[in-house]
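Both of the next two complexes hold chain A, though its partner changes from chain B to chain C.
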Partner chain A sequence: MSEASATASFRSLPVRPILLAIAVLVAIAVAIFAGGKVIAQQMVSGLMLGSIYMTVAVAFTLTIGVLNFLNFTIPTLFMLTGMVAWGVLSRGYLSVAGGWGWLLALLIGIAVAVVASLIVERFTFRYLKTRHGDATEHAIPLVSSLGFLLIFEHLVLIALGSEAQRFPVPFKADLYAFGLVIGLPQLASLLLALGIVATLTYVLKRTRMGRALRTIAESPDTASLLGVDVARIVPVVFILTGLLSGVAAALFTVNYGDVSPFMGEHIGTKAIAAMVLGGLGSVWGAVAGGLLVGLAETLSIHFLGGDSVQMVVWGLLLVVIILRPQGLFGASAIGKAKL
Partner chain B sequence: MLLEVEGLDVRYGRTHAVKALSLQVADDELVTVLGANGAGKTSLLRALQGLVPASAGRIRFGGVDITRMSPPERLRQRLALVPEGRQIVISLTVHENLLMGAYCRSDSDVRRDVEGVYDRFPNLAARRDMPASVLSGGEQQMLAISRALLARPRLMMLDEPSLGLSPLLVERLFDLLRNLRADGLAILLVEQNTQMALEIASRGLVMELGKVVLEGPSEALASNDRLAAAYFGHAAQHAG
Partner chain C sequence: MSGYASGIVAILCINLIFAYAIFVTAAAGQLNLGGAGFQAIGAYAAAWLSSSAHMPANVTIPLAILASALVGFVISFPVLRTRGVYMVLATFAFGQFVSGFLLRSPTFGGAIGMVVADYIGVGALVICAVVTTLLVFFLMASRLGLAIRSIHDDELVSTIMGVNVRAVQVAMFTLGGALAGLSGALYAHHFSFVEAQYFNSLLSIYVLLFVLIGGTQTAWGPLVGSLFFTLLPELMRVGGSWRYVVFGVVIVLMMVLRPQGIVTRALVARLSPRNWWPASSRAATRVSDAG
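For the complex of A and B:
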């Protein structure tokens, strides 16, 4: 009995996020004292970039964890948010909103991503599942989501052109701490991204809906036996996917100030790397993976030049999965760990 | 009659798993379905809960036609299934598994009922916040049954609950089923343990290749030669 309660209280502590926060702080402190400010500054930028990868990686993790579905439309949802926001803003539709037009534009972009995600659910996932049941597992939803990726991308190309565009961000405020420059939008992004992930973790672990989602992740049949209307809950996953991708894109747009019809592909591939690096199916794994990929990217640009980024990121991924196939935070073998 | 099944057919592609099966269970009755592996018992229960569609026939439960209802809708009619292999959600804790049992409920008695489970099974109480994967086979079966009971069913169906349990635990399981029946719960029990199932059941059905070949009061079935034949004679011939 005493052994049981000891284990229980240990389990209820959010161990992984705490470890992660400590690791990040220690790394930055070491960088400041040992490597000098330039490297520490790169690490700060890396973490900010990583917070965007992390948000997209969590979107991937959610669909993989609950639905066993690698959703290739996520990069498109990301791009849709940025391009739609730029589109409505640049055509002056939002002049009524005055100085807040940029924010309204981004919110519209996020809403479009959510709607697009629901369209994907309706016409790939739900249609295929109800028509053909388990025969369609993995390959067909995956390929049809790839189809949606290209269709949405080319719709945007036709409607808004293929050029990268400046998205006017009205504010630029920096914070100075320990001799480092921290962009206020960047800091806000990191906090917002972490807040979203923490909320999502809470929903998954502590609510009725979260328990239902985790049960579906393990066995849709059992969930159905316990009274979970699986077909009604699946759209929730797609809404969350659209929201996470859209919010990540809004943060990216505010921080880097430009959008393009191809912005999703860059982010999407790195987010997939981040997810696998952190451990498939683990939300906090996606967080750790996202931050690591962001760090790897800015540090490799600093030390090795811009062309080295992909090699460093994917090289790191290969090394990690050779040494630890379940990823850094994955609980068990690939594909078995579920949220 | 609580459950009335008429002319039920279940097909998986070209396999005809259940053929024109009729079955009735009264309000506080314990009925057992016996038969060799592959006789169609599991298919019958899955079709009754709605996990596989009935290709023909009609299922009425509590006077309502549930033939076209989804499994969650049937659960809300208070028909529950404890599936083959228990199907505990191993990535959820013991407590979360129990809460999932009450997923279909919105009343305020859930907490009290979950505490009732812990009073009944102190082993589950001691492991309430551990992942359900740490439970032994017997504890998992207790969890699976408790989880089904938390939906407050009028009829509970169990698919081979004694499978893989030690003789001592099988005794405890059948005691539990006997008590539940005494409390007024109707039970439809699929079992391989013929002798013990017939001891607690009032009636039994014997299935062979998707059909009911024998039906009657338990005492009559226990002494019927055809029962042994269903397990060893015909089934073996067809399997061979």
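For the complex of A and C:
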């Protein structure tokens, strides 16, 4: 009995996050030691960019892990948050909020992303029970999400125009540590993103809702036999998807200070790459993958030039998905049930 | 024919051949979300052979088909290790990798693109599209077509019935590569210019939409799908940006109301001349909606 509880308490230690943190610190230390400050600065920027990828990648991996659905609306939800926030701010609707208007605008943007995500749920997952039983059937929600991608993107283009816009953020503060420049909003966003992911992991592992989600991931039919109300739980995945994409977009907007109707495409493809590297359906895998892609991007820009990023990232990805479909850090189980 | 009309016909022919390239793999149960990568290989092979090696179009097009068919054959072995969402991602990564490679490669003009020397007219495009369509109809009516349809409906049962699933899937990937290469080579020679940015992920997505909305059960699917998707935006040109919104709504509604695509085997059976007179005993060909 005592042995069992000892094992249990050992297993409840957050091993993967700790290993991840150690790996990141070691990598930065090695970089400062071997490559000097320029490389280390690139790595810090890479990690900050990676925290945005990471948050979006968790949204992707959650939908694939629980519902086996590659949700192509996620990049659009990301874009929607940024553009809606800019839209309400620039039209002066929020002048009553004074200096906090930018924050209120971002919160409104996130809320819009959540609502949009629920609309997607209404028209993709409610109808998934139509089974005609052939090999391309799993593409139905994928195709609907591509339809929504067109709808949202062009509605934004109609309402807000196609130009990139500056989003005014009232503060600009940098932290100097070990001779490196670290933007305070960037640092805050890295910590916030990690916090969100840690909370999500806790919810999935420890709560009743999390258990229901994991049961659906294992088998939707068995889940409903065991009394899980699948139709009520599935929207939770979409709320989380909207929330994660929205928060990532808010962090991106605060960090880089501009929004555009096409901001989601770049982030979305990098987040898919991050998810694949970490293994489909694994939340901590997506975290590690996001940071890795951020690092790979800034370092390959530094060493090889900007044009090669696409080739490096996607070539790496193709190799990983074929040789290690469970991802670089994943367990042996493939696809579902790894949350 | 006015310049506008001939432009639409040219795009329609290229889209149709491209849609059949994705269809032949989808008909055997695999989704290829990297179509633009295969098309780019054909287009760049033709462009390079035409501009650097000064070959005429009737030499470059067969060589371009050969090049992309070879890539399709080689890539099918690793890609067929994956299935479902993994295959979608693997082919997507392949397409992104190819366009990233072309964007970076100085031999192929990098981001500037390449001018193609030899020009071919709309007439040749129409002939190629008609021949491709007839070829795929013949393929689907053949014994191999029967094997393809059985894999589409149930891979396991096909294996039990003695179909060599792997061989058929490799063959379809190779044929898909060849047809995508043909569409790319025709694009290069007709529009006299190729650039890597054209062969982006959105193109791969659109062509897969043509096929899935048209339907993967019969060879009519890509024909209806690419006609629908090429002509609908042109007819709605007055609508400006709203036409894409309508387009998106049509896609979402299609998936809700008719997820198996516009054309199904049951629909073809119902419309076939054999069943115009239901009293006839020959009308016994009943195909359920499940196909």
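Just so it is clear, the second predicted complex is superposed on the first by the 310 of 339 C-alpha atoms of A that agree within 3 Å, B and C clash if a C-alpha of one lies under 4 Å from a C-alpha of the other, contacts with A are read in each partner's own complex, and residues count from 1 in each chain.
Operating definition for what follows: contacts are C-beta pairs under 8 Å (C-beta built on N, C-alpha and C of every residue); 3 or more make two chains touch, one makes a residue touch a chain.
On a predicted model such as this, the values are computed, not experimentally measured, just so you know.
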*Could you say whether A:F148 touches chain B, chain C, both of them, or neither, answering first, second, both or neither?*
second
*Identify the partner contact of A:P235: answer first if only chain B is touched, second if only chain C is, both if each is, neither if none is.*
neither
*What is the contact status of A:V276 with respect to chain B (first) and chain C (second): first, second, both, or neither?*
second
_Looking at A:G227 after the superposition, I want to know if it touches chain B, chain C, both of them or none. Which is it: first, second, both, neither?_
first
*Could you tell me if A:G257 is touching chain B, chain C, both of them or neither one (first, second, both, neither)?*
neither
*Between chain B and chain C, which makes contact with more of the residues in chain A?*
C
*Which partner does A:E218 contact after superposing on A: first (chain B), second (chain C), both, neither?*
first
*Pick one for A:G183: touches chain B only (first), chain C only (second), both, or neither.*
neither
*Where on chain C does chain A make contact in their complex?*
26, 29-31, 78-79, 81-82, 84-86, 88-90, 92-94, 96-97, 99-101, 103-104, 110-111, 151-155, 201, 205, 208-209, 212-213, 216-217, 240-242, 244-245, 247-252, 254-256, 259-260, 289-291
*Show which residues of chain A lie in contact with chain B when the two form their complex.*
1, 4, 7-8, 11-12, 208, 211-212, 214-215, 217-219, 221-222, 224-229, 338-339
*Which residues of chain A touch chain C in the complex?*
64, 68-70, 72, 123-124, 127, 130, 132-144, 146-151, 153-155, 157-158, 269, 272-273, 276, 280, 307-315, 317-318, 321-322, 325, 334-335
*Where on chain B is chain A touching in the complex?*
49, 51, 70-72, 75-76, 80-81, 83, 87, 89-92, 96, 99-101, 103-104, 126-130, 147, 151
